[in-house]
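Pasting the structures in now, so scroll down.
Common to both upcoming complexes is subunit A, partnered first by subunit B, then by subunit C.
Moving on, here comes the complex of A and B:
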């Protein structure tokens, strides 16, 4: 396949960036999107140009490091995948593809397509844990039976990979889907209920302090989430927050 | 220098308890005056950092990713072993110990493995208390599955994302300590050298990958938890950034490197599709619980399938060769990984491979779908002879167990594995070898510890499935926090270590010089060009089957490639900026040395054991032929300027509790 790539290039956080056009051919439909960018970069290096910087690591859809906004969609046109799992067979010969970073006030650009998502970590520092010591001196795991339905829903929320697609997709740059996934994981488990009120208040406060927007229920985040994290989690977080606020 | 493994005296089941009762402790008031550096934030590093901080030490943690949550432990799929015996199927600490020693083909240290088995049950308690959502049954209790090389169900899991859930558990424990200021987290940082002061590890030189700044960090002890070196093969199931730099730098500063040739080639990965390939994707071993592995019985059918003239579903049962069930009736599709991988290679080499490249076998779920479907039909009082219904019900059960893996396969290969068998082939996955450590998990450099995959200690020559997660968390949560205290007890009066010491200045200058050399090299080929070449040599000559001739050639070829790399590599960009090519150059430079030592180790070990298969040493049936008389030792290599001059030290392996026999899964 022959393609035209229009890629966001930005030298560093301070300089302004722009879209630069790159033609590329001999793209195989079996390539992953990132392998296509590898080929582009190999060519740029051989020509003496600066290769395009992009985040990636596991290349199997679980680490959450890759973060491209492709033709106006986080992780591109396919559903239920991260950018590294997106394959070129989703595109046609002759296509023009726009590639941009995940954009949000709380995700400043580091270089080209690489953004700083440490705001997500700081929200987790504020309360994304159960305050139990790691000494192993706890009760036997099977002394707390957990309803399978709750355990499964907790697991579903816990599969969030923290990539930030929800934020990049949201017109308000809201992080509600991300934060509510962690709040829900613990709120659904008996172990997490003990400090549930403090957790939701602290995490939401930190989310606001980082400059993420609010949720207006458009549901775009759920559509673009590579792991299918449900909007129900946002509803649950709102309920948890409300209850905690009036306590 | 002779190796002292410092294994405590006494019966094996009392060693660890007795050891803990007699070590030196650091009192809480003194702990806050002690700094510890932890490099890597996977299961081992993350759990260690959290626990050490909780105990009161000041922890400085480092990872090259943008968040500790992205360490490659996140990608582990299948599960974690623990001798809980919740299923009442005869499991015990001794059995887990025994299975692990046997699974490692009798090349692991008994005392370490027993300790691992002892603490395994506690890991599950800990993780559940942390809110890790492990799979449960309808009664609300934890579920188990079975994994290769064992006859009990001791594997705990969270669908196909067990590593993710356990890592997020350790990450949450870290977050609690970061929030309390006890862990200072350095994301997007890479350790580029170890600093030794008066014979003790006292700090590291790290590069801030965003600004390019070279930083000095001091501490009273340094813990390396940087994972394995599978990426020496270029193509592996490791993450793109997974590297051996931290482990290799400490090796060059005096830490012995043990058993580099023990590498696990995992049998169930998605086959290579073309030259553009950047990594290989694992399909969890748990799939072998329900999937049956086969190739066509006749060469003609295999050829027709390769040419696209026949489909796998066209072949009747009689035309299929379920070769694992045929060769190993008692373990069947659940033989350990090394055996399953070699058996796949044997069939493909003989011409029975099934994809375009001829390097793939089938993993078929049709029988499982039918079996589960019939069960469901019976339970629901429906017609179990209605094959359409049975298939629908069975597919639901299989989707519930492995849904995410099937989806991953479909996205990559563009085939529906519910309808047609998966194609799989072995790929490099895990490295059992690593920095040599004693019972305290300390390397041969005082104050420098190595935990998780980066050390060599628990898996011998082959790791059993679901044991890596167990070892990483055991080391980080339950072992290192004790052993490091014993080391640090005499250090309470040392005070802060200054980063202005000449040792720091010198180490920083060396790092800066190497980085500058790459930037100013102006060669003609990219880093990947050399990395791919190295990978090809490793896979062809140091891969699943090795022989003396190939290994000798590999050693020369790698040395020549390394020379060419330094002469001709091209690294664009600058030192003081975000520069991914420069990061890669530093990592590949280390792989180019490690690869040579790897081949040298494989050449010296004139036997076959576990993941190390020398063609010259096999039984008439083609199984690995160990030589216990001459090779029942750990090969620990000392760096002497270049890999070819590395000096071998032997730690004899003594087996008092397990009898050495020819490993059999028949």
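Moving on, here comes the complex of A and C:
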């Protein structure tokens, strides 16, 4: 396959970047998108150019490290996959592909396609946990009966890998899908209910402080989320927050 | 409670958007029921309804809630939109938004602003005339008395008052609607402001009637798109998302978003093209 790549290049956090065009050939349809970028970078390094910086780690769709806004969609045109799981067979020979970083005020670019997503970590620190005393006589979590329906929905919410595609996709750069997944995974379980009110207030507070936008229920995040996190979680967060803030 | 969570946080703004939006949907339903009398009722029924709407204390209270809702909804909506714009200072070079969301959902602010422009012109054209215009006509009817035609004012007590008595200065009109016995200076009856006549004249005007009708219909299209997304969206904002009922809410919302603006739009079209 022969492709034209239009890639956002930016030296560092301070300098302004621009789109640079790179032709690339001998791309195999069986390559993953990141492997295609590896091939590009190899060529750039051989020419003595600066390789394109992009985030990745597990390359098996579980860590949430890879990102990229590909041809106008977070993690590219495929559904239910991260960029590392996106394959070049989703594209046609001769295609032009725009590759941009995830864009949001709360996700500043560090270099090229790498963005700083530590705003997500700070939201997690604000309440995305349960407090457990590890004094030596901690009760085994499995001794508390939990109905399957709630356990399943909690598990579904917990599959969020914190990649930030929801923010990148949202026209408002809203982080509500991510935050609501983190709120829900605990709020649905008895262990999480104890701190549920403080959790939702603090996490939403932190989310606002980080400069994310407000959800307008376009539903784009749910479509682009590699883990299929449901908008039901946002509704649950809205309920939890409403109840917690009038209490 | 977190720092003024109920007013300032992102979620609180959403609750207010949703509550005011849904209240305005209720208002639309009521307003439509009244307007439909322009087609299905006679002039007196319509003017009686208009009088009721401007004088009944409960309705007055509701109308204040409506004004406040519109203001709050518009201001809150614009604030949210500005914040949302700021949340992405550098835009994408290429976006494929139609792959993941509906057009109306992405253009609520533009649609809302157009609705606001419509509401303002609409209020100048009808509401302000009804409330403040000194030249607002009072409703009359022509009857054949055998010896020629006579014009009579309709009065709120279900009676009539010959127009000649005003012309002969036996009766004076005060405060736009009150008939006074000129000699004794006591109020004898009240007339009906003829909103029906004003409305028909507005949409049948030789110069501007067609433009007004077209503008009205366009505004109703805009409203329909706003509601196609807005109705169901408000439920999500308030936390009502349950797979058991989502289908029902969405279908009802779509039906509401299409039927209500459609019926509103039929009225000026009927007045301009079909009514006498």
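What we mean here is this: the second predicted complex is superposed on the first by the 241 of 247 C-alpha atoms of A that agree within 3 Å, B and C clash if a C-alpha of one lies under 4 Å from a C-alpha of the other, contacts with A are read in each partner's own complex, and residues count from 1 in each chain.
The rule we apply is simple: a residue touches a chain if its C-beta (ideal position, glycine included) is under 8 Å from a C-beta of that chain, and two chains touch if they have at least 3 such contacts.
Remember, predicted model here, so these are calculated numbers, not experimental data.
With subunit A as the common reference for superposition, the partners subunit B and subunit C occupy compatible, non-clashing space.
When the two structures are aligned on the shared chain, A:174 is found in touch with subunit C, with no touch to subunit B.
Rounded to the nearest 10, the superposed model shows the Cα centres of subunit B and subunit C diverging by 160 degrees about the centre of subunit A.
Of the two partner chains, subunit C is the only one touched by A:216; subunit B is not.
By the document's definition of touching, of the two partners only subunit B reaches A:60; subunit C does not.
Partner contacting the larger number of subunit A residues, of subunit B and subunit C: B. Of the two partner chains, neither subunit B nor subunit C is touched by A:203. Closest C-alpha contact of subunit B with subunit C, superposed model: 18 Å.
Of all residues in subunit B, only 47, 50-51, 54, 65-70, 72, 74-75, 84, 86, 119, 122-131, 133-142, 158-159, 161, 164-165, 168, 171-173, 175-176, 178-179, 185, 187, 210, 237, 239-241, 273-274, 276-279, 281-282, 407-408, 411-412, 414, 477-478, 524-526, 528-529, 570, 572-573, 577-578, 580-581 touch subunit A in the complex they form.
Those residues of subunit A that touch subunit C in the shared complex are 6, 8, 19, 69, 71-73, 77, 98, 100, 103-106, 169, 171-174, 176, 201-202, 204-205, 207-208, 211-220, 223-224, 231-232, 234-242, 245-247.
Residues 1-3, 5-6, 9-15, 80, 83-84, 86-97, 99-102, 105-106, 108, 229, 233, 236-243 of subunit C are the ones that touch subunit A when the two sit in their complex. Only residues 12, 28, 30-32, 34-36, 38-39, 42, 45-46, 48-51, 53, 55-65, 78, 80-81, 85, 87, 89, 110-111, 114, 116-118, 120-121, 124-136, 138-142, 144-148, 151-152, 154-155, 158-159, 161-162, 185-186, 189, 191-192 of subunit A touch subunit B when the two sit together in their complex.
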